[in-house]
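There are two complexes below, and they share subunit A, which is joined by subunit B in the first and by subunit C in the second.
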Partner chain A sequence: MTAALEVSDLVVEIRRHHHRFRAVDHVSLRVDRGGALGIVGESGCGKSITLRAIMGLLPPAGRVLAGTVMVQGEPASADSPRAERARRRQLAMVFQDALSALNPVMTVGDQIAEAPLRVLGLSRRSAHARALELLGVVGIPDPRRRYGAYPHELSGGLRQRVMIAIALSSDPTILLCDEPTTALDVTIQAQILELLSDLRDSNGLTIVFVTHDLGVVGQVCDDLAVMYAGRIVETGPVAEVLAAPRHPYTAGLLASALDVDSHASTLVTIPGSIPDPMRLPPGCAFNPRCPFAQPDCLVSPVPLRAVAAGRASACLHHDRLLQVPHG
Partner chain B sequence: MADVLLEVENLGVSFRADGGRTLRAVDNVAFRLAAGEVLGLVGESGCGKSTVARCVAGLLAPTNGVVRLDGSDLGVQRTAEQRCAVQMVFQDPYSSLNPRMTVRQMLRELLSVHDLVPRAAREDRCRELMSLVGLPVGALDGLPVQFSGGQRQRIAIGRALAVEPRVIVADEPVSSLDVSVQATILRLFEDLRARLGLTMIFISHNLAVVRHLSNRVAVMYLGRIVEQGQRDALFADPRHPYTRALLAAAPRLHQGRRPRPEVTGEPPSPVDIPAGCRFHPRCPLAQDICRREDPVPQQVHGDSADTVCCHFGADPG
Partner chain C sequence: MSDANAVLVDEDLAPIAGRRSFAARAARTPAFVAGALIAGAVLLLALLAPVIARYGPLQQDLLHPLRPPSAAHWLGTDEFGRDIWSRLLYAGRTDLQVGVLAVVFPFCFGSLIGTLSGYLGGWLDAIVMRVIDVVLAFPFYVLIIALVFFVGEGTRGIYIAFALTDWVIYARTVRSATLVVRRLDWVAAAEGGGLSRRRVLLRHILPNTVSQAIVYAMSDIVLVILAVVTLGYLGLGVQPPAPDWGAMINDGQSFITVHPWLSLVPGLAVVLTGIGLSLLGDGLTDVLRPQ
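The block that comes next holds the complex of A and B.
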């Protein structure tokens, strides 16, 4: 089966004050048609830059040094701009901050109708009808009334629904979501996650979901990729990775996450802090904070390797994790 | 409850909204806190939790109600001593520190204005504060821009502690931090609580964080505390449907797709508070009485301080 989205050995370099660093280093991902992949990591780990590189929306300071992005089996960057646009049209992105991603001086309905009108070439009337339909699809009550609303007149939850409607308006097959629920309250977050799962079920959308919250990936995604300092350090099915992580960073993140259903007597923390991307430690970037670090961890960066069926880890000593219990 | 340190009674805050209408941000809020206790105040955006915090800290004049510390009223015009007694830690450590002052200048200014420590001992006190919040002494020479988010929050906590407060009001102090950094700051709060016996109001939208740090929990919705109680009782036996909805919606690690949320829609505007119970338009249990009568706090869990504002939340029998 061809993957809906396949990223191989992606390297993205960012320029910052005359220095360059690799924000994304040899990242490979694969999502099957109708699948959902969660990318989890903390600020600066490269998860959003990965998403933007796939979308072709890197900031001016960013540059793809190497790697390929295949969309439905064909390379995203084609020879002609026209072919590339057609390829990229399969992709749509949902951003974290709906208020700054939406046009403040255009009604939300017109913003949703824009792609059907200009990209898909629908008539004004059918674009309008399509926008109304999409407002309904994303669960906005009273679409006719909301069509003429401006973004500032809507709540955060409704704005996020509008952004999802805009993403869907060009009929994409793959939805890239960059922390789409982080700015929302928990009850609204639950509704948006539900909506994304519904879209996946009903429209067969493929989803890539970037978040810093391990607690939300399981609600939308089947597979999980954990990023640290520009690299993927662990992949596997969400439930399996969370139940028995095979990379010490994943294990540390899990241990420091609080559980709403029980009261932990002690709070575990990962020692140290995230490294400066311009001065990454030698070898495995996690080694200064790792409880299992050995001299061989300092030799060279550790590539992701299969450790079990469907599981991969970028840790030389991942077996050590099998010996410790996880909560 | 013995030895009530902080008492908030009948607190109300109204603002004038567009068109001469009244926005009730906080309505009839009451709670008590004993020395050494931590009250977790939870609720979603716009529920009034930060407004309560600002009233307690004296940054905002309530429209009605009183805030008492050790039995004496803290008015709006507070004495220097009263201002020191309640200190606040804000959510955003990037905008709550003066960008042009080093940490030492910041702390020394506080110590001299409030004349808390003799001049000769100020440097020692600065060093002591740094070690209290887990920063190296060298951090005293840094400007806020040189620190990470977690370190800045430590500085903000150190600044609050500098004036030897009796109560700390922390408004979403870990919400803008990464998970692993969040854990280290929570650990600092735990540590300070154990060492200094701090009394705290800890505001968060994150129930897991509140559960970890608080003894008592109060849940706010549209300006009112709809349920409050001892932490364990409240989490084990939540009585208000809104508390249950918040718990159901909380992110959980080991749970895949979950049942469809029972509570739908979004909170109404505080300019237009629904008649009767303010939660009834979203409540899965709503009956006729909920549309007519505003529920009064009822005692639950057999504890005089645990209350719920729901017609169907009382102890059975």
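The block that comes next holds the complex of A and C.
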């Protein structure tokens, strides 16, 4: 089966005040059709930049140095901007902050109808009907009345649904979600996650879900990729990775996740902080914070290697994680 | 759909509240109301000049020069016996017309250049910014006076001088607004959705940046009127005998000690118009700001 989305050896460089650093370093991802992949990591680890590079929406300071993006078996980049737009139409993005992702001076209905009208070439009437239909699909009550609302007139949850409707309006096959629930409170978050799962089941959408919340990944995704300092450090099926991480960073993230049932009085944290991307430590970027660090960890960056069926880790000493209990 | 949608907050089911039209929001902004009233009154008086003026603006009465205010001449007469109230109204017509017309081209051209420069960036932006720097390096009035002197006095000269210099302010304002807006996610969403650049520019960027240019245009009209008045005072503006507030101030200057109202009245008209339009601009900033 060809993958819906396949990213190979993606390298993205960011310029900042005459300095350059690699925000994304040799990242490879693969999502099957109808699959859902979660990308997890701390702020600044390169997960959002990875999504934007896939979408072709890097900020002016960003540049793709190497790597290929294959969408439904075809390369996403093309010779002409027009052809590239058509390729990337398979992709749509759901952003973190719905308020800044919606045009404040355009009604939400017109924003949803825009792609059907201008890109898919529907008539004005069908585009309007399609927008009403999409408002219904994302679970907005009374679509007819909401069609003429401006973004600031809607609640956070409804805005997020509108944004998902806009993302769906260009008939994409792959939905890239950039922390779509981070700005929402817990009940609304649960509704949005359920909506995304429904869309995946009913429309066969492929989903890539970027978040820093391991709990969210468990609800939506089948597979998980953990990113640290621009690199993927561990991949595998969500349940397996969460049950038995094979990279100390993943183990640290899990240990620091809040557990309702535990009565521990202190919050477990990973010692230290994420490294400055312009001054990465030698060798494995995680070694200064790693409880298992050995002299050989400082020699060179550690590539991702298969450690079990369907599992890969970028840790030289991943075996040691099998000896300590988690939870 | 799923049962996830069964759980919605009350707010989502309530009718859309707090929707206020442009007019309703404007009515609640004191600066806008005051500005609209003053500027509206000035505009109305100027427009109705042929109806309410009791004499022609050029009609002389050499037997009754320099008369103080009376029932026949509400604001008195000037050195040629012309009725000052009538001249004031006709002068307002001229000055408002020149003010508005002189701003139209800089507003359109500057906004367009600013949008393109901010959105496309690169070499276009570099060139535009250098040109703007060069224009701004000159003191504004010196440049205007030199240009009017060069292309010829009168309204034509004023239009050309402003067309050449004034667009830079609009370009800079709109460019910086565009730089902010183009980084926002809805622009990324529109681009990612496959819309053409032209469409993204016209529908998603321009409507969010042009309000700042509109607000500036209000104060700019005041600026142009002041410039016209200043040029009129220097003899480079609207040419006599056509009525103009600046020329009226200039003419009255010789009699300032004995008949001060000759200069005072047109001066007050300039001040009043300026206050009205400035308040209108301030009010518009609040009314047009997206929630």
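By definition in this document, the second predicted complex is superposed on the first by the 324 of 327 C-alpha atoms of A that agree within 3 Å, B and C clash if a C-alpha of one lies under 4 Å from a C-alpha of the other, contacts with A are read in each partner's own complex, and residues count from 1 in each chain.
As a convention for this text, contacts are C-beta pairs under 8 Å (C-beta built on N, C-alpha and C of every residue); 3 or more make two chains touch, one makes a residue touch a chain.
These numbers come from a predicted model, not from an experiment.
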Inquiry  = Under the stated touch criterion, which partner chain does A:257 make contact with: subunit B (first), subunit C (second), both, or neither?
reply    = first
Check: What is the contact status of A:242 with respect to subunit B (first) and subunit C (second): first, second, both, or neither?
Finding: first
**Study point:** Touching partner for A:188 - first (subunit B), second (subunit C), both, neither
**Key:** both
Between subunit B and subunit C, the one with more contact residues on subunit A is chain C
- Task: May I ask you to decide whether A:149 touches subunit B, subunit C, both, or neither, giving the answer as first, second, both or neither?
- Result: second
Ask   = Touching A:219, do we find subunit B (first), subunit C (second), both, or neither?
value = first
Margin query: Touch test for A:267: subunit B only (first), subunit C only (second), both, or neither?
Written below: first
| said: Looking at A:158, would you say it contacts subunit B, subunit C, both, or neither? Reply first, second, both or neither. | reply: both
**Message:** Quick check on the superposed pair: does A:43 touch subunit B, subunit C, both, or neither? Answer first, second, both or neither.
**Reply:** first
Subunit A residues where the subunit B and subunit C footprints coincide 141, 155, 157-158, 187-188, 190-191, 194
The answer for subunit A against subunit C in the complex is residues 52, 55-57, 59-60, 85-86, 88-89, 91-93, 95-97, 100-106, 111, 114-115, 118-119, 136-137, 139-141, 145-146, 149-150, 152-155, 157-158, 163, 166-167, 169-170, 187-188, 190-191, 194-195, 198
Given the complex, residues on subunit B that touch subunit A span 44-45, 148, 150, 178-184, 186-187, 190, 205-209, 211-212, 231-232, 235, 245-258, 260-261, 263-266
Per the touch rule above, subunit C residues touching subunit A in the complex are 1-2, 4-5, 7-9, 11-13, 15-19, 121, 183-186, 188-196, 199, 203-204, 207-208, 290-291
Residue set of subunit A touching subunit B in the complex reads 42-43, 141, 155-158, 185-191, 194, 197, 212-216, 218-219, 238-239, 242-243, 252-254, 256-261, 263-264, 267-270, 273-274
